[in-house]
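Order of writing sets the chain letters: A, B, C, D and E. Residues in each chain are counted from 1.
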Amino acid sequence: MTIKVGIADTTFAMVDMASVAIKTLNNMTDKIKIIRYTVPGMKDLPVACKKLIEEEGCEITMALGMPGKMDKDKVCAHEASQGLMMAQLMTNKHIIEVFVHEDEAKDGKELDWLAKRRAEEHAENVYYMLFNQKYLQKRAGQGLRQGFEDVGSALK
Amino acid sequence: MTIKVGIADTTFAMVDMASVAIKTLNNMTDKIKIIRYTVPGMKDLPVACKKLIEEEGCEITMALGMPGKMDKDKVCAHEASQGLMMAQLMTNKHIIEVFVHEDEAKDGKELDWLAKRRAEEHAENVYYMLFNQKYLQKRAGQGLRQGFEDVGSALK
Amino acid sequence: MTIKVGIADTTFAMVDMASVAIKTLNNMTDKIKIIRYTVPGMKDLPVACKKLIEEEGCEITMALGMPGKMDKDKVCAHEASQGLMMAQLMTNKHIIEVFVHEDEAKDGKELDWLAKRRAEEHAENVYYMLFNQKYLQKRAGQGLRQGFEDVGSALK
Amino acid sequence: MTIKVGIADTTFAMVDMASVAIKTLNNMTDKIKIIRYTVPGMKDLPVACKKLIEEEGCEITMALGMPGKMDKDKVCAHEASQGLMMAQLMTNKHIIEVFVHEDEAKDGKELDWLAKRRAEEHAENVYYMLFNQKYLQKRAGQGLRQGFEDVGSALK
Amino acid sequence: MTIKVGIADTTFAMVDMASVAIKTLNNMTDKIKIIRYTVPGMKDLPVACKKLIEEEGCEITMALGMPGKMDKDKVCAHEASQGLMMAQLMTNKHIIEVFVHEDEAKDGKELDWLAKRRAEEHAENVYYMLFNQKYLQKRAGQGLRQGFEDVGSALK
């Protein structure tokens, strides 16, 4: 029986992260069915994810967004994150937030690389959460990061 | 069968965005019925939208507001946004937030243009969300904006 | 049949706004019955309003508060506003927030005037929300303010 | 029939405010039964209060906490306050928040005095909320404070 | 009959706090059964804890996380804390938040020490909350801290 995985993304983002996440997941397993749902902006993601969970039956969902550089954008990202948090608590399902802030990268090229790499590594996390929780437990407290390099453990 | 679309707006805003949104939607389709609900301020919008959804049967709602320039106004906008987020999660219906900050424009004339253009482009989004989700998916990750120009993709 | 209107206020505020709101409403209509509930501070207002709605049957409620000047007070006001937002969403009833920040006025005399004028104008809004929503709709987007002067429309 | 009053406090605080609140309440009335619940920190107070209300049957609850001086502590206090707000809205019962910020006082001696005085005055508020709401209404808008001196009305 | 205790931790953290918490609890009592659940990041903790409570039957849960140094990380920690607060209120169960901010320590070695010590002391709190609430009550208002030294009472 296949498990449904939701992928919610936006037209606001400057990189198509969803395609990378979908490809990564499909390369790792054929036990899932992916349902994609594109909305205009970041603040439309929480209810989109909740609908993927409650109306489409997704077991886990990824929320892919790209906050802009302005203060206003940071507030939007915060509101979207609070909504994703609440959506998880209302459904008892994980929503993996994959937000890439425009100002994390020094230029468009790095932004494209970062967004795709982070989407890929979080898609791997989704796989482990569904099929191999022991793998995550073995890596607990090891300073793992998605996108840029891992920082490692405090005593490294 | 017509689909009900809610439009909530305020007497606080300095531009009548609702009329533009209503005109845009009516020009795009005759399969919807629009229900308008005007309240005093931005913070009255969340429950107004929830009432449009739950008491009037709206499938999707637009929340049109215009935060002022002061710090106090920014906090109000944040609270209103949190309320709109929560209203969506409680109803599993989208509420498209169309907020135009007074200080986004350099003068009254630009503010009027910006508010109307953003309302128009978000009304188009409402149309696509209801009738053509594939259109949005094809434009995922393309850096679309409502009001000012699109920023385009990171690799443009 | 009379409609019940709730008025929640505080001993913390430096002006008795409730009496003004009650007088304004009673002058406009005899179709309402007002229930007043005084609590110590601003953060006691949300549950007070929810009790007025759910235990006393109020159709709409006014929450009258006066945040102090300190940073701490601003945070309290934000928390109270979030609570009022949530109370509305849990009950599908409007709560009109009438907060007057102590530092909006240059001295005690202006503060007294501002608080009473804002309470009066918001009481009028309550009347229109209950009995004449068309009046509000006709004034949508006109830059109305409560207390200080209206700012008018962007193209004025 | 006795009314149950909950008192939640912390081992984090530097003053035993609960004993003062309990003594004050017991001196004012013998119609209540107090249930005390001590938790480690401020952020444990909201669910503690909710349990006092829902599992112990308390009609009203006091939440006694003492945020530290650091930015991190201010954020904790904000989160705890938001939780107390939500707990009230979920139960339709008042929770009187008695927070004393460590940096409100100039030294340990004043902090001890302030915390005890504020706990005492808020315990009096609890009494009036339970048994004499008219007393609070008569003092509406009079600029009352708990701990430091009342500021009085704007026109004083 | 054993009581189930949940331990939720992350691969993001730079120290394995969960092992310390588990060891501490097992040394104090054999009346509990610990269920560990490792997720990628801090913002995955709230729903993880809620699942431990509602799906695994945990009576109390520890949420172990380590916010990074950047502003963005502080916002994440705030969102995670709000989620943990809400999860507690939705379940009426305590979740003991054990967050160690990377910038609380001067270097990796101190960070490792601090994280382990705080996890240990909070595990002790979990024990007292489950089996000896009187012990906590006796220590109310004594300025206890987890990790660094206790600050003591205001009048010390």
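Observations on the structure shown:
What we mean here is this: a residue touches a chain if its C-beta (ideal position, glycine included) is under 8 Å from a C-beta of that chain, and two chains touch if they have at least 3 such contacts.
As the structure is a computational prediction, the values presented were derived from the model and not from experiment.
Note on connectivity: the fewest steps through touching chains from chain C to chain D is 1. Taken together, chain B and chain D share the touching chains C. Between chain B and chain E, the superposing rotation on Cα atoms measures out at 145°, rounded to the nearest 5. Chain A and chain D, compared by their mean Cα positions, are separated by 41 Å. In this assembly, the C-alpha centroid of chain D lies 25 Å from the C-alpha centroid of chain E. Residues of chain E in contact with two or more other chains: 82, 86. Chain contact summary for the complex, chain A toward chain E: residues 74, 78, 81-82, 84-86, 88-89, 92-97, 101, 122, 125, 129, 133, 136-137, 139-146, 151-156.
Listing the residues of chain B that touch chain C in their complex gives 9-18, 36-40, 43-44, 46-48, 50-51, 54-55, 72, 75-76, 79-80, 82-83, 86-87, 90, 108-109, 111-112, 115.
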